[in-house]
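To start, the structure itself, in structure tokens.
Order of writing sets the labels: A, B, C and D. Residues in every chain begin at 1.
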Amino acid sequence: MRLHVPVSLRWSDIDAYAHVNNAAMLRLLEEVRIEAFWVTGESIDSTDGVGPRVLDGSPGADTLSLIARQEIEYLRPIPYQRTPLDAEVWIGRMGGASLELGYEIYSTAGVEPRVLYTKAATTLVLANASDSKPRRMTDREREALAPYVDEPVVFSKRR
Amino acid sequence: MRLHVPVSLRWSDIDAYAHVNNAAMLRLLEEVRIEAFWVTGESIDSTDGVGPRVLDGSPGADTLSLIARQEIEYLRPIPYQRTPLDAEVWIGRMGGASLELGYEIYSTAGVEPRVLYTKAATTLVLANASDSKPRRMTDREREALAPYVDEPVVFSKRR
Amino acid sequence: MRLHVPVSLRWSDIDAYAHVNNAAMLRLLEEVRIEAFWVTGESIDSTDGVGPRVLDGSPGADTLSLIARQEIEYLRPIPYQRTPLDAEVWIGRMGGASLELGYEIYSTAGVEPRVLYTKAATTLVLANASDSKPRRMTDREREALAPYVDEPVVFSKRR
Amino acid sequence: MRLHVPVSLRWSDIDAYAHVNNAAMLRLLEEVRIEAFWVTGESIDSTDGVGPRVLDGSPGADTLSLIARQEIEYLRPIPYQRTPLDAEVWIGRMGGASLELGYEIYSTAGVEPRVLYTKAATTLVLANASDSKPRRMTDREREALAPYVDEPVVFSKRR
């Protein structure tokens, strides 16, 4: 099952070509995965999100989420718009201490025709904050994330 | 009259001290004033915003909005939160070709006690895109903005 | 042949984990490729760079460089440092209208042991500024870039 | 006495108007003051900088530098350039627990005519990392910084 996360652009995401900048896209992916799967501090109610928010990204948390790899295909330029984009996010692979997230970034939900702007994947490794060493996912984490496991992203431009 | 604009944080606004970074605040102010007063491209319906959106910031527009001056007082650190902040924005001064915007950034609307995090002012000069020279505000612009003229920000830490 | 480009960190590249942020890395790659292969405006002397600077990124240039794809492996966290990193950059593939750049980001040149922090690749498509359609690379561009063609990046974490 | 700090632009500092973005300027000021007055981690040799580097900004340091106020006058637009700008930075006021830094950002050193692009001031408060409460500057800090005390910035556009 994929989660749908609305993601809003900022004016500063737009570059001199009047489109979302390639590096700004990584900030958008970060917002999407945090909104879906991360708890991030004392003001968060974990039952309130679009997803299970089972991973802890709070300052001072016991676990770090280290990014090991990212792959992004920019399929169509994204113009500035005030209505949020519609991001799909899911778990493409679940390893012992690592996760691969898949993303597809679409145009605004409910507006036809639906346009696929970007495909991406992020591989994360969970590590202990104390020593930065990988640590295995807990049963609770696995159970909470299991419903969101889906096929890994299929990249079309990879060689 | 002041406009109220909800403004959402991103995880990347937060610095190593777990608070909104001082430079990120300028990006938030930019979002606030664009949401209130700017038209920004073909996908925008100017009757749909929280403010009059009478100034044209679209790529290729005839007018540039050049920033001449900014002043910011960081009164309290802003922790990460998913609920939008409540930004008040207004016109502190309206000159021949220039505007001073005032801002007060508050904690989430409806949550007590209300906290004032930041006060700021931005002076903008309208200029012709063709030659970058200042141009006078039009009657239409003045009329649309007039209801939002209020007292300039009073800074408490200025010497 | 690979080019060596020194690339300096900024304090703002560092995230709450005290390492270079994953999205900031894309800004560093951008700096590296511009320093190596791009001309960027009236103040640039194209004979003065570390590379051939044959591609035109000046505002108003006839050609756009559109980013089609990026892949990044974050092999080791990069701590803040004032001495520049040592970036290697080359052309991994040269197509009709497109280029794949390869990068390896190493620790400061001359300091042993040399550490490989990041591997990455960026696929760019050259397009006409007038209509955003791909355009073939010119003979001059091909000749200038030919000495820097080397093997494509071999990614170790790809599945 | 003022310190001169060379400060390099990045392509991502440039906005759709082909000039340094207003918010990017705060990142440049941050680089300037860190280069002049801050120690920032294990790889830093404090005798090696352009300034005394007496304030400790290392992750885990006992002291936080909290930004209380900033004021910036954008006098002339800054075009993209590869040669570093010439930043002057000094201590405009030294209080019990606070500092006001002054900055003037000029065009590249040695290139005539010299152009003043930006004037700015930052007020910082030193605080204990343990409880975020202001702490008095030490004698060592005062002595190291004393030679760099100069007149506060005179802003020309303030009302």
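We adopt the following convention: a residue touches a chain if its C-beta (ideal position, glycine included) is under 8 Å from a C-beta of that chain, and two chains touch if they have at least 3 such contacts.
None of the values given here were measured: they were computed from a predicted structure.
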item	value
Taking each chain's C-alpha mean as its centre, the one farthest from chain A	D
Which of B-D and C-D has more C-beta contact pairs	B-D
Averaged-CA centre spacing for the pair chain D and chain C, given as whole angstrom	29
Separation of mean Cα positions, chain D and chain A [Å, integer]	35
Distance from the mean Cα position of chain D to that of chain B, given in whole angstrom	25
Residues of chain A whose C-beta touches two or more other chains	12, 16, 18, 23, 27, 30, 59
Chain A residues touching chain D - in the complex, by the definition given at the top	12, 14-16, 18, 21, 23
Chain D contact footprint on chain B (complex, rising order)	16-17, 22-24, 26-27, 30, 59, 64, 66-74, 77, 93, 123, 132, 152, 155, 157-159
Chain A - residues contacting chain B, complex	8, 10-12, 18, 27, 30-31, 34-35, 40-44, 57, 59, 79-83
